[in-house]
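Input: a single structure, listed below in structure tokens.
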Amino acid sequence: MDGLPGPRVPADRTEILANGHGDQMRKHRSFKALLTAQLPKLVLSPSLIAVFVGVYLFICWTAAISFSSSKMVPKFDFVGLEQYVRLWSTPRWITAVENLFVFTMLFLAITIALGLFIAILLDQRVRAEGVLRAIYLYPMALSFIVTGTAWKWILNPSLGVQKVVNDLGWQGFVFDWITRPEFAIYCVVIAAVWQSTGFAMAIFLAGLRGIDNSIIKAAQIEGAGMARIYLSIIVPMLRPAFLSVIVLLSYISIKSFDLVLALTNAGPGSATEMPSTFMFSATFRRNQMGVGAASAMMMLMTVAAIIIPYLYSELKEDRDGH
Amino acid sequence: MATDRQPGRRSHMIGRVFIYGSLLGLAAFYLMPLWVMVATSLKSLDEIYAGSFIGVPEKVTFEAWVKAWGTACIGTKCDGLKPYFVNSLVMVIPAVVLSSGIGAINGYVLTKWRFKGANVVFGLLLFGCFLPFQAVLLPMAQILGWLGLAGTIPGLVLVHTVYGIAFTTLFFRNYFVTIPDELTKAAQIDGAGFFRIFFSIMLPAALPIIVVSCIWQFTQIWNDFLFGVSFTAGDSSPVTVALNNIVNVTMGRKQYNVDMASAMIAAIPTLVVYVVAGRYFVRGLTAGAVKG
Amino acid sequence: MATLEIERVRKTYGNIDVLKEVSISVGDGDFLVLLGPSGCGKSTLLNMIAGLEDISSGEVRIGGEVVNDRSPKDRDIAMVFQSYALYPTMTVRQNIEFGMKIRGVPPAERAKATQAAAEMLQMGHLLDRRPSQLSGGQRQRVAMGRAVVREPKLFLFDEPLSNLDAKLRVDMRTEIKRLHQRLGTTIVYVTHDQIEAMTLATRIAVMKDGIVQHFGPPQEVYDRPANTYVARFVGSPAMNIVSATLHMGADGGAEATVSMPGGEARITGIPLSAATIKGYHGQKVLLGIRPEHFSLAAETGLPVLIDVVEPTGPDTLAVFTMSGTEVIARLEPFAAAAGDRVSLAVKADKVVVFDAATETRLD
């Protein structure tokens, strides 16, 4: 169809066409038609270009820098994998990667367990469920800087939890993890778990609510107790929710920059250094742009390795009609 | 008479006690930091050094808030958080409006004007939601410099808009998919064109998701720190950067109450949005995560 | 296999009586159908028999034992749901064996029972599939298999065919009937489809607003419905209900006068007891006449002006007016055309008479 909006062509047009102005009219009409047909793509393109540049082009740029010898200013020469070698021989980076592993494992395990636990409890027809849900979720509305600030002082031995417990009488109680290099990372875990549990809970709760009630009834008739029903039937049915939570929490974990900075400033020393803080300080503070870029690419590849399969499977299901 | 299963009833009661006990205990854990922030911010400095964080303030005083707002030192200037709060405001509002608006049109195009490769485009956009921003900091800093926007608020607005498009497009696309195609086809037969369909049919029907998008974007952009600290410095920084500066820079006696008051000031806008429109916030959270 | 006795059972939610004093009793091996529209309380009653809902008052007895206080798993019942309720993360085999596993049945016996059920329901080739890989009909079979291996005293079906398309529904209906013939277990079956009720049941309980309107064998519910609601619910096209005046005829039998477009007409030979005829002489009543009880007569029938004809293939449905009401007659194909004036005879011995005010059947 021609795409001209509305039948506004007056009867005289046909005469004009017949009179030989037809060619110009036809060209005009076909250009407008072309425009209208392509309009959707035209409207989409500015943002597409912006995202393409801002995401993919920039990634290539960073990659290029990671293969160069840039230090304080970007230099576009090619030194192969030199920066990556330098990266992996930097003790600080190794610490950061170890921290990331430890942090991610604990963060995922505890947040998922707590989130699932709370979701199951809330699914038991509890009064004031809405209020409780709001309480568990509000930390997600806060900036990680705010969270870090609050927990920094709560975990401070001379002001926070340790002092409170000491004042209550247990003089011998010690809780100074945040000052100890070996234990500081666990403090980051605590703050991160606090912030993100509500998120895991929300997803699990949505999953639980989506379960057809008659399945539970059928299992009850067959004699299964509630514990059995949860273990054998409900939790396996939550597999998609588990997947989503694991992927998204991992992503949050890799990105975590604000929290570490506010809570421990990557300290004490560099005990709680994470890839994200490493990249930032290498690039903007220590004039090691190439190494910083290499670390950024490492972060990117890790995220891609998790996210791309996940997105692929989600989009495929969409197309298959799930 | 209702069935009276005695042995079942006792274990039922124990179950309820366990459920409520756990929920309330956990609620205390989640409320505790908020309480600490509020309580500490309302205490005088002497009281803090004398006591601890958890207690109720003996004498409620707003001096920390006043200081945080107007006289706290950030960097070399001691004008409090106010200018940075305003910076955040000036940055957030255009960024939210722009990214949501563009996301709405994108979602519209992707669902109602299908073309070859629409799914590929969507997939590419989707990955943008999961980008670790460290991978683009360097080039973005360069580009902002070339555009003359380095260290400015409009520069931040541009950055947040570009990276917000991925999320907002996701929201609107998933929402518009549920609006039947017959609506747009009927409108086309009636003679409506591309833009008229968008403004007269899609947008009015999209009110809930517009709210979700705006709330989500507002929260993300207001709470952002990484872009703020990377692309601005000093006068044009957003409030999160200023907050970190106040907290992590120790000069003389640590003013914990001012720290906490500053944190509260930075947190209040998103908290208010959450309290008022929490339902939409949750929808934003679960929009990308739970399919179907 | 057991008897089922429901005695004066009530269900109240807050102030609302969802079920008002229902009493039904069926014997061993009966197929009881609870028939009615949505909201009539049939599913609630089924849930109460199953133990999924509490009984506000009254007693339910399975096999003579009162089960009010027993949990579902202790009532020795099996249930098939409208949405099949299969465990989605388990294979068909695991679905069927789940209950047996809980009851501690050893693996060898479980396998035997599963195999037997699979053969009976012709799903042997599906045993290792997941529910998401099955069609609606196949899922329903699995749900029945799961119920069958329980070897319960009572089978409960909650609108099991409502989610299936029309053709499949007919096939599955036959399956269920076959199952009943083979196993002989007592069945309670809930549906809103009167054809399912008629074809499957040995006893039908027609329900409306929490009350049983008629309880009896299908043919009785069809031929002599207890009130006009039941009369209209069962049978398609529905039974015609027209107003008439009842008289005692010259021979002492019942006669009804109806008004036709051309004047008044009489139907004689309606079976009613002498006392009833005497009591209702000269009064307005409602006549229930099934469409198939009309036939073309020479001249001595009712003078009818045909309004519309609807050929269905095997019959022709003729629509006309009687006593101001639209009436449908089932005639032979090509028997009449729109606008024809014909003479229709009525099988008077099949006519049912209802009280005009209470709408309940006389006699």
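To keep things simple, chains are lettered A, B and C as they appear, and every chain counts its residues starting from 1.
We adopt the following convention: contacts are C-beta pairs under 8 Å (C-beta built on N, C-alpha and C of every residue); 3 or more make two chains touch, one makes a residue touch a chain.
Everything numeric here is computed off the predicted structure, so don't read it as measured data.
Visitor: Which chain pair racks up the highest number of C-beta contacts?
Guide: Chains joined by the most C-beta contact pairs: A-B.
Visitor: If you average the CA coordinates per chain, which chain's centre is most distant from that of subunit A?
Guide: Between subunit A and the rest, the longest centre separation is with C.
Visitor: For subunit A and subunit B, let me know how many angstrom lie between their CA-based centres, rounded off.
Guide: Each chain's C-alpha centroid was found; their separation is 13 Å.
Visitor: Using Cα averages as centroids, what's the distance between subunit A and subunit C in whole Å?
Guide: The separation of the two C-alpha centroids amounts to 56 Å.
Visitor: If I count partner chains per residue in subunit C, which residues reach a count of at least 2?
Guide: 71
Visitor: Would you mind listing the residues of subunit B that make contact with two or more other chains?
Guide: Touching at least two other chains: none.
Visitor: Which subunit B residues qualify as touching subunit A in the complex?
Guide: My answer: residues 19-20, 22-23, 26-27, 29-34, 36-37, 40, 48, 52-54, 102, 105-106, 109-110, 113, 115, 119, 121-128, 130-140, 142, 162-163, 165-166, 169, 191-194, 219, 222-226, 230, 240, 243-244, 247-248, 256, 259-260, 262-263, 266-267, 270-271, 273-275, 278, 281-282, 285-286, 289-292.
Visitor: Which positions of subunit A touch subunit B when the two form their complex?
Guide: 5-6, 36, 39-41, 43-44, 46-48, 50-52, 54-59, 61-62, 65, 74, 114, 117-118, 121-122, 124, 126, 132, 134-147, 149-154, 159-160, 163-164, 167, 194, 197-199, 202-203, 206-207, 210, 240-241, 244-245, 248, 251, 254-255, 257-258, 261-262, 265, 275-276, 279-280, 283-284, 289, 292-293, 295-297, 299-300, 303-304, 307-308, 311, 314-315, 317-319, 322
Visitor: What does subunit A use to touch subunit C in their complex?
Guide: Subunit A reaches subunit C through residues 212, 214-215, 217-224, 228, 232-233, 236-237, 239.
Visitor: Under the touch definition given earlier, write down the residues of subunit C that touch subunit A in their complex.
Guide: Per the stated touch rule, the residues are 50-52, 71-73, 77-79, 81-83, 85-89, 98-99, 102-103, 146, 150.
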